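We call the chains A, B, C and D, going by the order they appear; numbering starts again at 1 in every chain.
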Amino acid sequence: MAAKPKRAAAAKRKPQPAIDPATRLKLYRTMVECRMLEKRAHDLFMQNLIKGTSHLALGQEAVAAGFGVAMREDDYTFCTYRGHNHTYVRGVSMTAILGELMGNSAGLMRGKGGSMHLTSVEHGAMGSYAIIGAHLPIAAGAAWSAQYRGTEQVSVCFFGDGTTNIGAFHEALNFAVIWKLPVVFVCENNLYMEYTSIYDVTAVRNPAADRASAYGLEPILIDGNDVDVVYETAVDALERARSGGGPSLIEAVTYRHGGHSRADPGKYRPDDEVQKWLGRDPVPTYRKRLLQLDIDEQDLEKIDTESLAMIDEATETARNAPLPDVDIAWIDVWADGGAQWRN
Amino acid sequence: MAAKPKRAAAAKRKPQPAIDPATRLKLYRTMVECRMLEKRAHDLFMQNLIKGTSHLALGQEAVAAGFGVAMREDDYTFCTYRGHNHTYVRGVSMTAILGELMGNSAGLMRGKGGSMHLTSVEHGAMGSYAIIGAHLPIAAGAAWSAQYRGTEQVSVCFFGDGTTNIGAFHEALNFAVIWKLPVVFVCENNLYMEYTSIYDVTAVRNPAADRASAYGLEPILIDGNDVDVVYETAVDALERARSGGGPSLIEAVTYRHGGHSRADPGKYRPDDEVQKWLGRDPVPTYRKRLLQLDIDEQDLEKIDTESLAMIDEATETARNAPLPDVDIAWIDVWADGGAQWRN
Amino acid sequence: MAQLTYREAVTEGLAQEMRRDRNVVFLGEDVAEAGGVFKTTVGLLEEFGPDRVRDTPISEQAILGATMGAAMTGLKPVAEIMFSDFFAVCWDIVANQIAKTRYMTDGQTNLPLVIRSGNGGGARFGAQHSQSVENWAMAIPGLKVVAPAKPADVKGLLAASIRDPDPVLFFEQKSMYGVKGEVPDGEHVEPLGAAKVLRNGSDVTIVALALMVPRALKAAEELHAEHGISATVVDVRSLVPLDTQTILSEVAKTGRLVTVEENPRLCGWGAEIASIVAEELFWDLDGPIVRVTTPHIPLAAADSLEDAMLPSADKIVASVTELVD
Amino acid sequence: MAQLTYREAVTEGLAQEMRRDRNVVFLGEDVAEAGGVFKTTVGLLEEFGPDRVRDTPISEQAILGATMGAAMTGLKPVAEIMFSDFFAVCWDIVANQIAKTRYMTDGQTNLPLVIRSGNGGGARFGAQHSQSVENWAMAIPGLKVVAPAKPADVKGLLAASIRDPDPVLFFEQKSMYGVKGEVPDGEHVEPLGAAKVLRNGSDVTIVALALMVPRALKAAEELHAEHGISATVVDVRSLVPLDTQTILSEVAKTGRLVTVEENPRLCGWGAEIASIVAEELFWDLDGPIVRVTTPHIPLAAADSLEDAMLPSADKIVASVTELVD
């Protein structure tokens, strides 16, 4: 099982009109903002301003960005502890995310959730789940609800390669297919679980795509570092779900630039592998493509500058926010707002 | 999903020498004994001598018999609540099984397990498990142990079609393949879960065989009512496992003649379906084949008579056994024999 | 008032709420076409149709995951987990996801859902189909936990559970499905978190739940008739919220507490109530607090062995007389 | 004696037993090549090889199912469940299979296995990675439950757990992995089921476990220094078997009991011990039994909120002074 993955290739798709320049700029902007956000998060760890753990997706921005741009505002997303980007692309502010990482009152949940549980129901970001597999059936449930209510909302569920080996994956996929639910399952195959290669512990080469047929689905294996490919695949899958065509399972091959979490320097990865993937960094790669496509470099620089200003401002606001009031630890265990289990 | 299953066809196998007559008689005898055993169990319910629930496999005898005859004495079996036959074919006495169903001191576990938990470690019958899916990883663990100890034992795990949709199925299959464990997973597809058709809730046509590729395994779909086919498939899979070739997943299509359990008359099944399958009853079908193969009818009659005598004797012994001593309810919670959780 | 079985009261409670609110949907294994393996949901598919009453695969994580996702997005789903022992295969969704999500999201999410399940022993189903696991649920902050003893409560408390904005685990004692009782006609809703005093006494307060309630009542009769001991009997009905007011005030009156529970001994809800009383009512106690429980063992399948292990009226009588004499 | 961290003591205990018995094998996620995400098993792969130290997929049911199957057939497997919260995804294998199989088979099966897991709060991991679930395990008949507070106990009790013929859930408090302490050199085995009296007092007995032990000791110092209250401190160490002898005799000496536990309040092991004392030692008690627990809430991720909720030395001091004054 030590084989390297075969070169990820875009799945066969019906020919589509080229992506328009405005959308391309939006894709670029989204990736840059994600990149800034997580680099800043990394800096804040280094300054010990973030106390708990945190899981960065540096290098994987194309997946969140491609989907974020393709989704309808009222669609739902469900993601993992590695979900800063997936939450951000739905419209949540950088301040709210950084504040949550720092555990202060500027945080999206004022510190009650933490880095692994970013949620903004208002933006359709229905939660970040830290136990492997759990959110796949939950995302299916949101899709069921949309189907029942007839709203044409789609539920998008992001997870990692390692997640394909846990039972909940299997149950959710089968369930979604038999009920023809409007849900898109997106496996970000970044080649590793925590510190172990997915290829050491998986019976098939492509952990998600090679399982699609077990649910009567088409295998969809794409380059997760190519934001255009992700975007087009997302458009397809969302459209299929929205129009009653049922679920999709997409495997997007990508790579995280750093370790699994704050505690991990990622030393188990061969140097040449890391180098190869740094060379495929989705952000500069896309920048280059846009220039080739005659997009004005000034437009890109403007995005870069604006994003930097944004994250600087967010950092300032977030780091100056006071600690949460301790009383909030007592509220919202139950719907009456309280923690009272007795009467 | 309401489609009927396609006609089960024997998987492609390398040509094998014909099954010898002695083995054929053994297969016949085993099926007849299973049939007698469970018909008697049914009678004992009717007389209210069996109190709890019970799940008969009348009609499915060919699977247990085919494997039972093919297995080595020191191989392991793991089965479900519908496991009277699978336990019996390992060499457990009819008395011990009927006694357990009646909850008395003649029982295999003196009433502590009951119908759903028949176990005889001495015979390699490592337990009947009543929670769907659990025993698949457990069977993989026994296989791991055999592999580690280098004993060339094989672990055989029986389960139903409905079990293919639970998470533990998925985890066990992947796990067994990556560790190349000597385990044979046998799905008895009897078309129904409790009262619901497997085709109503499964994303693929063949609930096990169509999932094999998700674990890098060959699909093996066989006629589970043809004991010769089951036997030959078992010989193959056992040999593969024993010689280090790793696990197999076999789907044997079959049918239960009665309802799911004692409480169920099975009325949800269309009459013509029941009739069709009664016409494919593995026991008389095999009897006919043996006669066509010039096996002496007297040999078959002898088996019929001896089996009847056996079950009659076992019934007498079992029904006359005293109730278990109540004290046994207090023992063997822990290995010291007791139930003492404090010192 | 109609005489209904406990089983029929489940159907009535569900149907009442489904008629009232189109967002109430119901899913589980064999619940639709077959009407449930315990026949608790017969007729619902016919009345409410296949969009609202749905059969599922044997995928408890998917069932409860879907239930949670639906509850987060506007529905009020009711799920059935056939036997409460099977909570073990989907405990993550219950204990880690459903229970914690409102809190972790700082109150952003609502989870108005109910999970009904057949709980408890007495049906000779053996160790993996007979557990009383209401104490597992009580141990998890964020859940509500209800366990009715009588058909009227089944209907009224199930209705209240469905209307409740929080996730409720609703434990039906499976060997009581055939038990009959009076059930109010028409709309019937009982508040959650209210224990019920079923009998007033002066010597001892017996606190019981579900199948233990009729046994406690029977024991109280016998204590009165044969030992001249006068016992209060309280049906807890809901473990979360817990009606500590009623329990404390009833124990204060008699000065003695005996809890009767079906759980294996360690960390059952009886221990919780006993320690609340030992902390808050210590100075009013006239004697030790006694817990009657199933011993700390799995349950055997054989009827003779199962009966010997579950708390019986006789065992309650014996424990109380030892305490009070 | 060497000064080892709690983490290193795990490695030592495991290595000691793996050297002694070839049938001891070890499996879990990221445990082999990476040496464990908490670095508790560094070097084991190198010493014992890939047949005995094995990385698994993220498949907790498969991990524990395999562990059970191996234990039934001659091995003595040790499995790691990375965070104890993840017991929820494999609880069926633990609670319904491993715990009940010896009993259901009338003693035919042996299950000499250990499941190690990182338990408890204090590491700012949030609600799904910070739970203390030793009470979940205590509630299930058939399991043994161990939770050491000191490196020496980690080594000695882990060794004993591996040698024990029963399934043991071994809870390591994950925020203590870096804590140092003296650990006996060479073979070290401590018996299961023996509590340890760490401090003798006369006014109150404080019973604690794991991370709560150092906090109880600190509180005891402060109670002595600032309030003139003399406290006994007992480290329970093992919940099953439970050393009720030591607990009862220590409480009898002081007449007062305070339990200190990390669990959310309801149905924790503190309730169990409190109710054992309320039943068996009632007449020796001089005052109410007090439980100090985490409130009945999930844990927040933010350090300021987490610290405010977990029982602290201050909270213990406050509870004891209120009781004793």
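The rule we apply is simple: a residue touches a chain if its C-beta (ideal position, glycine included) is under 8 Å from a C-beta of that chain, and two chains touch if they have at least 3 such contacts.
Remember, it's a predicted structure, so these values are computed and weren't measured experimentally.
J.: Which pair wins on C-beta contacts, B-D or B-C?
T.: B-D
J.: Looking at CA centres, what chain is most distant from chain B?
T.: Following the centroid criterion, the farthest chain would be A.
J.: Just curious, how far off is chain D from chain B if you go by their C-alpha centres, in Å?
T.: Measuring from centre to centre gives 40 Å for this pair.
J.: Taking each chain's centre as its mean C-alpha position, how far apart are chain A and chain D in Å?
T.: Centre-to-centre distance between chain A and chain D: 36 Å.
J.: Chain A to chain B: how many Å between their CA centres?
T.: Taking the mean C-alpha position of each chain, the two centres sit 45 Å apart.
J.: Provide the list of chain D residues touching at least two other chains, using ranges where the numbers run on.
T.: Counting only residues that touch two or more other chains, chain D contributes 56-57, 59-61, 85-86, 88-89, 92, 96, 103-104, 126-128, 141-142, 240, 266, 296-298, 300.
J.: Among all residues of chain B, which ones touch two or more of the remaining chains?
T.: Counting only residues that touch two or more other chains, chain B contributes 110, 112-113, 117, 129, 131, 133-134, 165-168, 171, 174, 178, 200-202, 328, 333, 339, 341.
J.: Can you tell me which positions in chain A touch chain C when the two form their complex?
T.: Touching chain C: residues 76, 78, 108-110, 112-113, 117, 119-122, 126-127, 129, 131, 133-146, 148-149, 155, 167-168, 171-172, 174-175, 178-179, 328, 331-337, 339-343 of chain A.
J.: Of all residues in chain D, which touch chain C in the complex?
T.: So the residues of chain D in touch with chain C come to 85-89, 91-92, 94-96, 99-100, 103-104, 126-128, 135-136, 138-142, 240, 263-264, 266-272, 274-275, 277-280, 282-283, 285, 287-291, 296-298, 300.
J.: Residues of chain B touching chain A in their complex?
T.: Those residues of chain B that touch chain A are 1, 133, 165-171, 173-174, 177-178, 200-204, 210-211, 213-217.
J.: Please name which positions on chain A make contact with chain D in the complex.
T.: Chain A residues touching chain D: 51-53, 103-104, 107, 110-117, 129-134, 162-163, 165-168, 193-196, 200-202, 263, 268, 323-324, 326, 328-330, 333, 339, 341.
J.: Under the stated contact criterion, what part of chain D meets chain B in this complex?
T.: 25, 51, 54, 56-57, 59-75, 77, 92-93, 96-97, 101-110, 112, 141-142, 144, 164-166, 193-194, 240-245
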